[in-house]
Every structure is written in C-alpha cells, then in structure tokens.
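You will see chain A twice below: alongside chain B first, and alongside chain C after that.
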Partner chain A sequence: MNPREKEASQSPKTKKIELRGILLVVPTYLWLIVTFLIPVISVLMLSFAELHPVTKNIVSFPTMNNYLTLFTNLDYVVVLLRTLLLTVAVTISSVGLAYAVAYFITFKIMKNKYTILLAFQAPYIASYMMVLLAWRLLLGRSGVINSLLMSMGLTSGPIELLGYNAFSVWLVLTATWFPWLILPIFVSLEKIDRSLLEASQDLGASPLTTFLKVTFPLSLPGVFVAILFVFIPTIGEFVAPAVVGGTTGLMFGNLIYDFFLKGFRWDIGSAFAVCLLCIVILAVLVLFRKIGFEKLMESL
Partner chain B sequence: MKKTNILWAIVVIFAIILAFSPITILFLLSLNDSPALPLKNFPTTKWYEALFQFPGAMESIVNSLMVAGVTTLVAVVLGICGGYALVRTRFVGKSFFTGLLLMPMVVPYIIMGISLLSFLLRLGMEPSLITIIIGHILLAIPYATLVLTSRFIGFNISLEEAAMDLGADRLTTFRKITLPLIMPGIITAAILSFIISWEDVAMAVLLAGSQQTAPVFMFSLVTKLPKFVPILTAMSTIMFAFAIVLAILMRKAERFSIS
Partner chain C sequence: MKIDVELKNVTKKYGEIVAVDDVSFAVERGQFFSLLGPSGCGKTTTLRMISGFETPTEGEIFIEGKPMTNVPPFKRPTNLVFQNLALFPHMNVFDNIAFGLRIKKVPENEIQKRVKEMLELVRLPGYEKRKISQLSGGEKQRIAIVRALVNRPAVLLLDEPLGPLDLKLREEMIVELKRIKREVGTTFIYVTHDQGEALTMSDKIVVMNKGKVVQIGTPMEIYEKPKSKFVADFIGGTNFFEGKYTEGAVEVDGLGKISIESGAHVSKKTLLLSVKPEKICIGKKLKKVDNIFDGKVTESFYQGRAITYKVLLENDSLITVVAPSYGMERVFGIGEKVKVGWNKEDARVIT
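Up next, the complex of A and B:
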C-alpha cells in the first residue's frame, strides 16, 4: 500500500473514532467541570466579594477585605504559620522514617520483601478515622500512655506534651502517613542498578559517601513523590487537629471549616481557601520543576 | 558494623510500633471495661452490645455501604469510558482532559469540599447522602480512570479486530472480548473507589447533612460527645473486620479473573 492509499483508507475511520472518543469522555468531563472546576472557580470569585451573611447575596465586588481580614488578624496569621510549620515538620519526619524503612527493606532484607511492604499498609485498610480514634485514646492528659507511665511510677504527673496539642498532631500525622510513603521510595531504591553501588565501593568510597553521592540522588524521584503524597493532605488537614489537636493544635483547615460550616462567612472562608490553594500550587510547581512531570508519572 | 545493626533495629522497631500499636490497643480496649489500661474484666462484649442500641450507629454503617456502593459503580463506569477514550481514540483537548483529570489528586480535600458544598447549596441542594456521593465520585474518578487506562494500554487490540472480522458486532465484541480482558483493571478500580469512599472523613464531614456515613458519625461523636467514645472502639473494630474481609474477597476475585 502506498502512503496515499493508506491515508485515504484511514482518514474516515480516524474521524469516526474522534467522535466516539468525545462521546465517551463527555460524562467524566462534565463531572469534573461541574463538581470541581466551576466550584473552585466560584470560590476564587467569592474570595473577592462581600456576601450578605444571611441571604448570601453579593453586597460588593471586587473587594480585598476578605484577604485583609486574614492578614491583619494576628490570630489567623499565627494559625497559618503553625500550619506551615506543622506541614513541613510532618513532611520531613514521615518521609525520613519512610526512607529508613524502605532502605532497610531494599538492602537489608533478602526475601519476602513484598509481604513486608504489604504488611505496613494493612493497619490502614480500616479507616483514617479509626487510627485517629486510637490515637485519641492513647494521647490526652489522662490517656492510655500517660496513665500507664504514671501507674508505673515513671512520672509523677501527666506529661503535658502527650496531651491534645500541636505536638500530638505532628506525632499522629507522622504515624499515619509514613507507611504510605514507604512504597514510592522503595520502588525508586529497588530500581537502582546495584553495580553502581559496587563500583562506588570498589573505588574506595565509604558506605556513607556511597549513600550520599550515589544511592540518595538516584532515589530522589521516589522521595519527591512521597513529599507530594504527604504535603498536600497535611496542609489541608482539619480532621486530625479536631480529634487530637485540642485548642492549641488547630490548623488552617479548621479555620476554613469554621467559616463555612459554623460562622457561615463564605466570603472570608473562600479567601482563606484561596491562600491555601496558592501555597499548594506553589509547592507542586516547585516539585514538578525539580523532577519533571514525566518522571513523576513514571514513579506513580 | 554491629553498631549500625543495632541502629537499624531501633529504627525499624520504632516504625513498627508507630504503625501497628494504635490499632492493636484500640482492639484490646474495645473488649475492655473502660477505654484505659490496665485491662479490667477482660474480655467483655458490653461495648458491642451498647453499639447496637446506640441511635444512628448501625444506620451510619448502612449509609456508608450505600454511598461506597454507588460511588464505586459510577466511578468504574466513568473510568472504563475515560480509559478507553484516552488510550484508543484521539479527541480534541486530550491534554486538557488529562490535566483536569489529575487535578483533584493534588488539591486538598478541604478546598474541594467547601467549594462543592457552597456550589451545591447555591443550586438549592440540601446536604444529604447524595451530596456525599457526588463528592466521593469526584475523589474516585481520577484513580479509577488511571487504573483502567493502564489496563487498556496493556491490551492487545488485534483480539478485538479478530472478533469483528469474524462477524461479531461492536456490542458482542465488547461483552465477550474487551470486558473479560479488562476485568482485573475493573476490579482494582472498584476496590480503590470503594476504599476511597469507605474511609473518607474529610469530604463526607463537609458534605453531610442529617444522614451520616460511619466515619462522619465517629467524627461528630468524638468531637461533640467524648463520653461515648468507647462505643466507637467497637464500631471501628467491626468496620476494620469488614474491610479486611472485603479486601480478601476482592483480591480473590482479581486472581480469579486473571487466570
């Protein structure tokens, strides 16, 4: 078949296929646009508007008042800073712990690697809420850990750090997220060509140098995926702080929740949500730039 | 060398304790007289009995099943259509579609939740199980579509062509050839969608009305009526057992459909 014939025989088919493709993606397209794109854009618009608190009619537009409310009230700024700090701390600790476990499984264990990997995901089959409930009982001034320590005579009074506070939120989020991060890091560690590590050692590098100069750089794609996995849900977290955060562990997500479901100030809540979204977009862009979109999708 | 081994042992044991002890202790406490150590009158089923009488508890589990069931059904059907279209066809705006599909995966739940809530309320919808289902389908679509896309990529198209050459119409080909071949993908997508809906708290808390799913019921009880928390230990143990049975069954179905 010469090229022209081929083209002629294919072109009607291609056209027909295109129509079929469009028909097949229309439901998903509509769903994503109606329940995701339009609502998020309307929140973006809402953040520049002032709503009547009861009727929800737009009183004035555009206005920067909602953003001013956020940045001129010290309480809100403190919560924002605490949220950023907590998110960075949770990201570092959970990725670090997951890296250690993934490294151990990859290099120190010879058989049943996948069974061990699977076992680490098992506790979370149930639900996030169940894990949070367990931590709620463990922590607290009169929680399981504190009462155990006191009955053993190790401390005279309850340890305040193990009450419901920001430290508890950090501990609980680290504990719930690190098992999920083991897998992506394990995948990129497992991919590393072992002869590279041997070469490095043969050329006289110490184990630490080999790790810093060869192993770690080669495992970075998995680390970035892990960072993405934990950073996004953590910065928007409001459930864990409500359960184990007490009054000093509340995060930015709790403020947004209150504005929408308790205070009914959609306009101010929207401005807060847009700020959060900007931080997330910034973080995602930085990570994507560091690693490249293609590579990221590969390791997913 | 000895020193590093001890260090490794400490790190790994610490990780194991952090990951497994909360669930184990929760299970033990659900059989205990009070939600604290030491164990007293162990084991007792009094919290399980209290659970069955507690208003709204069992109802919320049934609601969760319904929400997860509908979510799974819709997400898998949309996932099959989307996956097929992405792999097999060319259509205008494909890269925009892919971008839009991946976006919900990188936006925190709180933002999607409050956006959807304010939008649906403005449309005049009351928060109910239906609004939760709408939200959960949004969460599940990207995962279901991605799983099925990768299944369609590994699919030998000549099998379909052979069936059509032998005289089968499009529907028969889909039913007899395409569907069985993508079945493992469908099951994986179904497990994922079900679990996403079953264990979601954040989206459901934002979108729930007076009818609650189980995680929402637990959340509102923990934060509003802490003295009923022991009942929740029994409830979450039952849900955990259910999820494990479901996971095993689906894993079996997956194996069966591959062979």
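Up next, the complex of A and C:
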C-alpha cells in the first residue's frame, strides 16, 4: 500500500464504505456458519464419540475407536486406497482430456470459439442421475455395448472391462467431469499473450518447446483450478460407483453413505468422513503451496 | 557493401486486402534501417514477414543471401523486439535473456558470461534475479532488447518498441539504442510511425504508405528532398503552394510569384511546392529573403523551444510557420499583420 492509499483508507468516508462492505458479507458468512461450519464441527465431534448402536446415546467420549475400526479392517483400507487411486486416475484423465480440448479451442478455432465452448457444456443439461442411468444401460456384462459387439460377432463373449467395475467408474467419472474442466483451462490459455508464444519461437523454440516452456507453465493456474474442481468431488463420490461400480468399484463415499443411512453408525461414518476431509485439505494445501493462492484465484 | 536483408517484390494479401504491395529494398550490413509510415501502411506486416510470422503472398525475402520462404521463425537468423516487449512473466530477468541460448544448448558457463555482458551493455548489472513485474518501463525495454541481442542475430528487428514510453524516457531510449547499435554493430531494422525517432536514429529510411514504398533515402534526403506530396507532409509537416511555372518562379493565384531554384521546368506547367514550416521566417520587416508575402497571424502556440504560428496569406491559404524562440523580435499576437518569407532554395518542387 502506498502512503496515499493509506491516507485514503483512514478518511471517515472510506471507513463508512468499509463498514458497508462488511455488512454485505456478513449474511453470507452467517449462512456458511449455519450450513457448513456447524455440521462439520458436529461430524468432527461425533467421530471421536462412541454411540450406543440402538439407543444412539454417547457411550464414551473422546475415543479413537472409530478411527481404529477403519485402519484395522483391511477391507476398509482397500476401499480407501482404491478410492485414492481412482480419484488420481480420474483427475489425470479428465484434466488431460479437458486440456487438449481447451488448447484446441483456444489456438486452433478462430470463429465461434465461445459457442463451441458452450456446446461442450451441453451434457450438463441432463441431470446427473439420468446420465448415470444411461451409462448403466450402456455398460455391464450384458449392457448395450457388450450385446452389440457380440451380436455383430466382433467378440465371442462380453468384454469384462465394460462390466460394472472400477474401470467403468473411472470411465463414467472422466466423461462427466472433463467438459466442466475445459472452462478454467480455457480461461488461462486464452489469457496468455500471443506475442509471448511468438517471442518464444523468435528466440529459436520449436512449437513443442514453446508449449513446454511458455504455454504450459503459463496455463498452470487453470490446470490447478481444474484439478481442484475434479479432485474434491471425485474423492467423495458415491453415486457413480453405486450405479456402475458393481462390487469391485465401490468407493469410500459408499462406505460413509452406508454407515450413515444403512448401518446407522453415525460415529464410524463421521470418522470416515473426517479422514476424507483431511485428504482433501492436504491436497488443497499442496496445490496452494505449489502456486500462490491469489494467483490461482486470479485465473478463475 | 554486404547486403543482410533483401526484399524482392514482396506482396502480402489478406483476402482482398493488400497489406504490402510490391515492396523491394535492401538493407546493408550494420545499417540502422527504419520503416516509417502511418499506422496501417504495412510496415509491421513487412517486419513480420522478415521475422517469419507472416508469409509473403508473392515475392521473396533474402537474409544473408539465403531465401527465407519456408523457413519458420525459430530457424531464422533474426530476432525481434516486440511492440509490447513480450517478456516471459513466469521467468526472471536471467531466464528471459538466457531463453534463446538454452534452446541452442549453449554451455551454462557461456550463458552466464553472455547474460552478464548483455546486462552490462544496457547498464543493468545485478538484475539477474529480478522479476519482470518489478521492472520499470525503461528497464523492461532494455531487457527485451538484450534478450534478442544475446542470440547474436544477423538482423535485429524492432517493432515500435518505444511506443508506450513517455516522452522523456523515449528520448533517453533513443540515445541508448544508438549507443547499443554502435557497440554491437548488428544490423537493425526499426519500425516506427514517429518521424522524429526515425530521423534521429536511422542511417536509411524507407517511407511506406498504403502498402507501398514511397521513398527510400537517408534521413536528410527524406526530410529535405521529399519526392512526393505524402512524404513532404508526413515527415515534419509542410506548406504546399501550387501554381504555373514561368521563368524561374511559380505564379500562385492571388499570391504572386514564388521564385525557385532554376531547374529543367517546363513553362506553363503546374508545379507543387513544399516549404517546411521552420524554413519560413516571420517579422514586421524582412530582409535578405527571396520571397516575401504579407499575412495575418490567426493562431500562435508557444512550445518552449519554438513558437508555431498559423498565418493567413492574401490568397486565403493558411500556412504554418515555426519560429525558434531564441533571438525573436517579439511574439506576434493573433490578428497582427506580419511578413513571412523564405529563400528560393527552401521551396522544394515536388511535381
């Protein structure tokens, strides 16, 4: 802040404006406290409590038993690892696919850029559930794709990979996420001054070197935003695995869902949810460290 | 003299629009060569064709004697200083300057040495670790120039790099550019719409208009001996007089005779004369000038170094007179009757 700005911020008039600004954000913060902070704190508290399976009364507090349940049961650990693996795979494939499309729209399309960009968002007109059910019909051992291939005589039996399994979850999540991720990547690519790319070529860099040394580094903010956009919801995903995951494509979100709504073990479910939350916070912090928070937000 | 860059009948069309129309010129090694013209005259397109970002529709460009068609920009022995400088914002000063050298796989210790030399050349030693956003306008300018120069190009191309600078900084950079040019000796091709910059720095100027070359010459030739109405007017502004030639003078309707230097002019032929504003003297009484006319001051602008007058002559034509502010009799007020005059060698025949 230069001295002039400092002076200005101390004048009574600016103070009034500042106060008005605060009043503008207060309702939003209140709303967040009620709808977000309170539930999160309750879940956090619950994760350290042990509830009576029938009466739901608190039996002991604080206790690490819920967390022990997770880490001592190999089945749960396997699901957690699979979830992490699937999330990373979905993130890489959907961001990669989105990058290719965004790059193409930014640099190769001259006319009606924004219409084409918008057209990629068309799938979101249909509800998520409808899209998933459509996928359920297509996939599966005796789904549309497999029966079509078999009836055409291209394969003798069903392709197992296209059954209800982890691969299908990966396929479906990648397909659902990537159009949305085009947007932040497009924005940061579009922001790059074209003369920088020319300067790179003028200094002797081939188009590939120019991409690696100039275009890609400058588009990183958009890539990081895209990673956040896909990583956070995917790690907690439970609908897609429920619809096309079968038994081997189950994700951690399904466990939490089951503990809360089927087994009525809110305490264990909370502990699982807190674990997931910690992973997300860790991932976000790593990304923010890699590239400044302000810089990241600027690209939005 | 060796020719570094040669354009032979180069034309660039964008659909129906002809941006560059049959342009030919040759740039000698070590010259400071300027492409001068109003915006939209095709000078930047010409420069971009030399650097390889645009391909000529017709004609051929030779750099160091080799034809450049089908040679992509990253393989040409030219380097360009961009209009907006185009410094890489995600790299510091060192990495920006070293960019080209690293691509050519120059050994790291050699890179260190050459970057250091370059920073000394533009008097910014110790700036290696600075971020681009921390530099002032003039500093960015210098870094952009050495980022190109460090690659030792056969030709350095400059696309109006001084445009965004304020007047004082621009004057500083003009001196700086001339010095850099002298020290490195590389051929410079400089694009500008500013005739002051072009006249000050260039060894040779190509004046362009509407995609065509209208005149090639030294700054003095361009200024003193314009070959067309456009050049006379574009370079520094001028006053035109039109009339019929009769015996060593031009008869202008309502004004009288303007005597000119003897030349092979045909009698009764209409001639266009150009008289530069600073070649005209103004006063209550004028002596020792060949042509003297009565006029009335209609406007006067005090500009420090000089005073610009608009003077209405008896034939109702308005002329511009620039009088130096030293040794003036006095400042003439609006409406005052004055005499204006110039010597016959200062009335240049255009057509």
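Assume the second predicted complex is superposed on the first by the 269 of 300 C-alpha atoms of A that agree within 3 Å, B and C clash if a C-alpha of one lies under 4 Å from a C-alpha of the other, contacts with A are read in each partner's own complex, and residues count from 1 in each chain.
Operating definition for what follows: a residue touches a chain if its C-beta (ideal position, glycine included) is under 8 Å from a C-beta of that chain, and two chains touch if they have at least 3 such contacts.
From a predicted model like this one, the values you see are computed outputs, not experimental measurements.
**Q** Which holds for A:L148: it touches chain B only (first), chain C only (second), both, or neither?
**A** The answer is first: A:L148 touches chain B but not chain C.
**Q** When both complexes are superposed, which of chain B and chain C contacts more residues belonging to chain A?
**A** B
**Q** Now for A:L133: first (chain B), second (chain C), both, or neither, which partner does it touch?
**A** It touches chain B, and chain C stays clear.
**Q** What is the contact status of A:V78 with respect to chain B (first) and chain C (second): first, second, both, or neither?
**A** Touch partners of A:V78: none, neither chain B nor chain C.
**Q** Now for A:L203: first (chain B), second (chain C), both, or neither, which partner does it touch?
**A** Second partner only.
**Q** Is A:L118 touching the first partner chain B, the second partner chain C, both, or neither of them?
**A** A:L118 contacts neither chain B nor chain C.
**Q** Would you mind writing out the residues of chain C in touch with chain A in their complex?
**A** 51, 53, 72-75, 78-80, 82-84, 86-90, 99-100, 103-104, 147-148, 151
**Q** Residue numbers of chain A touching chain B in their complex, please.
**A** 14, 17-18, 20-22, 24-25, 27-29, 31-33, 35-40, 42-43, 46, 56, 97, 100-101, 104, 108, 120, 123, 125-138, 142-144, 147-148, 151, 174-175, 178-179, 228, 232-233, 235-239, 242-243, 253, 256-257, 260-261, 266, 269-270, 273, 276-277, 280, 284
**Q** In the complex formed with chain C, which residues of chain A make contact?
**A** Touching chain C from chain A are residues 193, 195-196, 198-206, 209, 213-214, 217-218.
**Q** For a test of understanding, state which residues of chain B touch chain A in their complex under the given definition.
**A** Contacts found on chain B: 8, 11-12, 14-15, 18-20, 22-23, 25-26, 29, 35-38, 78, 81-82, 84-86, 88-92, 97, 100-101, 103-104, 106-112, 114-119, 122, 134-135, 137-138, 141, 145, 195, 198-202, 205-206, 214-215, 218-219, 222-223, 229, 232-233, 236, 239-240, 243-244, 247.
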